[in-house]
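Next, two complexes with chain A in common: one pairs it with chain B, the other with chain C.
Presenting the complex of A and B:
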């Protein structure tokens, strides 16, 4: 019998070696489990520690700023009796009506009359107890009630910076003694410092105000937003949705990323040479500050915008193209609304950075001493961070709390701006 | 063609390239007007690519290049005179993954008529929306919540919403790219029933991985393999008596 050429198949497959069940209870296993749990705990603790530490830093900053700065919003006033009738100011009631009143009262020697009244009331150095601007408070009181000029009256006027500091507990021994003497006579009172919210810079800390810098920042931010937001968004849309992918667009992308990392002072120099030097725009003006900060903010918006646009699922574009939407309709009906929350987040970050920026504004002259709030984009102005920088540099002790108060105003501005942006972002998110 | 009607779409000698790679190799096919045509074939055979040439969706892929002629009612869709936006309104598309807009159900359906100016008054829009949703078999399920987001619907409902959205612009052809591959069997059965009802009103081309589905819904079937059209004929012939060995191997599950 010849054997078949076809090899015989084994009737049963060889049994595979029996598999031992895994022993999950050995010492090595237990050790591995313990180490895994320990690693989890360590990681969680590290994370918590990081959060607690940053919260503590933030709380410390806020508490210190509030404690130091809150005094900047209040002032000390002293009750000053003035005998207007005896002073015989050469002003007619007619002059006190209308716009010439300030000039008439200044010309009539009201400042001297106030100083004289202080000397009468508080002694030889009485005039030094009052703020340089005390007579302005008297002037406003007279303007409100011209009948004062014919009689004796007591007006509450702001005290000098040294006295104000002594009342708030940081004064020199001499000033402390004066304060005790005045308090014993019941002449001192505290009140909200409205001038701080309404005035611009001054050399006297009792007369300074934050409004000038606030308005300067507001105008600057407005210019920045109006320029950087549309340009940034359109650049991002074009680069993501239309531009072909080639060496040029790669080069553009790298350039924009680098632009976002350029130190801000370089932008200040650029603004100085281009906007002031070549274009001849006015120095220290919000328009120049806004242009410079827009250059700085735009790349941030472009990068955030491109990422947000990339995040829109391609299926949405397919769906719109599939029923015959044109590329522009795809972008404006679908891609942009879906990307807008992300774009707005990028804009918040960019604008917040621009608001706190000091260096480029120094370069274009926004560090000048400007005693009147700007009334337009081309008026000389300063900005909040620059004002803080300038006041922190002053020797007069009275500026310490004004600096902190200005920081509070800057932080409130920042919070308001971010709050608005977050509100807008949420609105757009719920619409979809 | 077996019917006397002229074909709706005629493709002749179509080649598609992605960069240097050829995805479609010399495909010629006639697609009938009032029937369902199924494209079957293993993964990567080019059936979806070919489907996307029929409404020029491949234009959105920067590296894609199409050669040859594709005529819709005798008009070359790749000629410079053809307006792509209008073409896509005439040749609608339903995608593999349901992709409703993140807007209300009503807006999803009304969007197409709005951008093409097919309706003007609120009443017109209401009519179009209701008619499209009814045809897509979704009206009864959503009529009380038209302002809810389209993305809140179930997968099968979303896909029917996408079909309603495509129907709303009154297309002549509907292309479906594996419309049931992300759906469960019940939702799949609903879509298949819907395809039956839509047949005759629109020319329908469906790409599918599922041979039973092709057999159930289509009148004609085209088998693609490695970028070429291997066999094209009546569905009954393809599934019972294929001429080509490769078709037979695929249908009997030898590869794929």
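Presenting the complex of A and C:
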């Protein structure tokens, strides 16, 4: 390589042939220089265009998601007058205290009473204007104030998905007309959709929430962190501090570096065949998802950890060894604490990647319809990105804004994690 | 006893052992023995490890062996005589009985499962007690033996450090175990697939439609060439057509032209592109890019332009890869010796001439290696193609036509309702094996290129 770069030196010190210096003032040369400078500007502009276009794509993506998704956090409510006294629900005030209240009200035919009230208030198809979950809102209102049962009251209940979309400006002509009729009577109002943050999946877009998926993600990430972090840090310490230089260590290194580049779906296949097939763990449980993602995250932590450990200067080790520390003490008392910020940065980035990962979770069956948040590591669960995938497949138009809203939540978490990693890196970065 | 409670009990015992050993070691320390290497805390850790590790290892092994022992015990009971001979029915009755006994389900399809459930519960309870007893015995035994050794002259530190080293080694072995697990499970399932379908038919067949598998000749509709082509077309052609120019030019601009201030802002911004989850890209591709591409195709006069075109998936995938290519190009240009660049500038070349004629040619091996790594990442990418590409396998050069990929087919094959042993599900593992081998070769080749090139300049 270097040989061709070195010009052959003349063996005898011969006089170079006389050469007229270039006249830079001639028109031809000036034109040439202008051409070269123009090329320089074009090239520079091209580079800037590449950066700006990439950033513009990111901005476009974020704006589209924000514009579509922001509506998912709000809901439309309609004021529904209900004559509880006339409905004569067979519940006693005693039943409304304590834990049996939900059951008592459901058994008393509250759902039917709400539908009847809607028909009275809005005409023949009145019940279709309300969300399937409208009576739950009424139920909660009655639970808060049992005195309602004795009189007429107006309760604000969520409307059906079609009406909600029409209010937000994308509805069908029929729904638009209904909305105009209701708005003329001043019955519609908008408000924050708290159920979206508190519910689990549902078949009705007005009742869905991300809490179930989010809790599934949290449990999965917990398992991933508990496994991947200690194993990753220990492996990094071993490889960087203790491993003898031999073929076996080379093999270890190659297999870790290669694992970091294996497509994520392959880890899903491993999880399917080993954790579900051989070990017999339950399908779609956070523990299986966590195990699978831990195997995927561990190499990332090992690589980041090794770089951080490499950054600790040898003088620290020499000094500790010099005053009589054992090799284990050197590493655990001095090297590890100094390398910890770097390791944590790598861990957060790896965890952020795992949080956004979908494909391996699909493989191990975390794509079922789960209507209740998981309460343990072995319960069926889904995860936030998988929930996004499932909703994106739904035909109902109401799911479009819910999907984008869930994406906003996921992106907020990922950006916060990445921001934290960058902050940690800048705050604790030590220049030795 | 529940496994969690037992583990807590053992850890509690470990804590007690730690405290007791520390007190004893402190009390037996005299001025004369202060010079020994082990501090009281080392003795404490030694005793705690001897208390905790043996029962935990035992329980780990037990978790894998006890189901078989329990089943054997159940089979020895009189009720088991009615069981059908070994086969699918027998296995399903036993697993139903196990679920009933554990209280995880309340109804069973087979009547016999209800009869066997009590026997199962009894055997399970008996073995649980045996396990608890043995684990506690090991904990107390190990703890006591270690406690007896707490004396000033005992080199507890050496022993503790040896255990720590074993733990560190074990942690790094998990990476190897994962690799072995991936290779073994893929090979095992693929071997079963290839015993049904000939590898030649799979690798060179040009007709892929797993929905209609003829039981007499399953290989006829499982030819994977259209998938390989689609994967190559989307991941290595279309995506790279976006990622290489954009990635390379942004690396050039950010390293050679941008002011440090602009660089500090733009580089993390571009890296956000790599941090956006792929499911978000997939949704974006399906919802926004794909219709636009279809309309573009229609405007160009292609009336059959698909809304699940290769172009939409490839374009978005390319954008996702930009930061990856950019940082690889950045690294390889930074590795070019400054003297080469300075020499070119000193000869009067403009910056762009230096970059095009000196910097990029000198960095080319590194850039090529980076691009190969990017290709390996693109062909393994799943969610974008699952959401934006098509499920129909076609061999086509037209970017507006629908195309499918290996990863998309793996997802489609495994998320349908099919039993685990059908050629359809096994084909997914064969595709996975192919994908794994190709990305492995690409990675190894790319890393070798990058490494050799770095060494050339060092």
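We take it that the second predicted complex is superposed on the first by the 359 of 432 C-alpha atoms of A that agree within 3 Å, B and C clash if a C-alpha of one lies under 4 Å from a C-alpha of the other, contacts with A are read in each partner's own complex, and residues count from 1 in each chain.
In the analysis below, contacts are C-beta pairs under 8 Å (C-beta built on N, C-alpha and C of every residue); 3 or more make two chains touch, one makes a residue touch a chain.
Only a predicted model underlies this, so the values are computations on that prediction, with no experimental measurement involved.
With both structures placed on the common chain, the touch criterion links A:377 to neither chain B nor chain C. Touching more residues of chain A than its counterpart among chain B and chain C is C. By the document's definition of touching, of the two partners only chain C reaches A:418; chain B does not. Applying the stated contact rule after C-alpha superposition, one finds that A:138 touches neither chain B nor chain C.
Legend: residue contacts after superposition of the two complexes on their common chain; A:167 is shown touching neither chain B nor chain C. By the document's definition of touching, both partners, chain B and chain C, reach A:326. Of the two partner chains placed around the shared chain by superposition, chain B is the only one that A:316 touches, whereas chain C remains out of contact.
By the touch criterion defined above, A:263 lies against chain C but remains apart from chain B after alignment on the C-alpha atoms of chain A. In the overlay built on the shared chain, the residue A:244 is in contact with chain B alone; chain C does not reach it.
With the contact threshold set out at the top, residues 326 of chain A are in contact with chain B in one structure and with chain C in the other. Residue ranges on chain C touching chain A, taken from their complex, read 67, 157, 160-161, 164-165, 167-176, 178-179, 181-182, 185-186, 188-189, 245-250, 252-254, 256-258, 266, 268-270, 272-273, 275-284, 286-288, 319, 322-323, 350-353, 355-356, 373, 376-377, 379-383, 386-387, 407, 410-411, 414-415, 420, 428-429, 432, 435-436, 439-440, 443-444, 447, 456.
Across the complex, chain A meets chain B through its residues 244-245, 313, 315-326, 329, 333-334, 338, 432. Chain contact summary for the complex, chain B toward chain A: residues 55, 57, 60, 62, 85-89, 92-95, 97, 99-103, 111-112, 115-116, 149, 162, 165-166, 168-169. Taken in their complex, chain A has these residues touching chain C: 1, 36-37, 39-40, 42-44, 46-51, 53-55, 57-58, 61, 64-65, 230-235, 237-239, 242-243, 251-252, 254-259, 261-267, 269-270, 272-274, 277, 280, 295, 298-299, 302, 326-328, 332, 352-353, 355-359, 362-363, 367, 385-386, 388-389, 392, 400, 403-404, 407, 410-411, 414-415, 418, 422.
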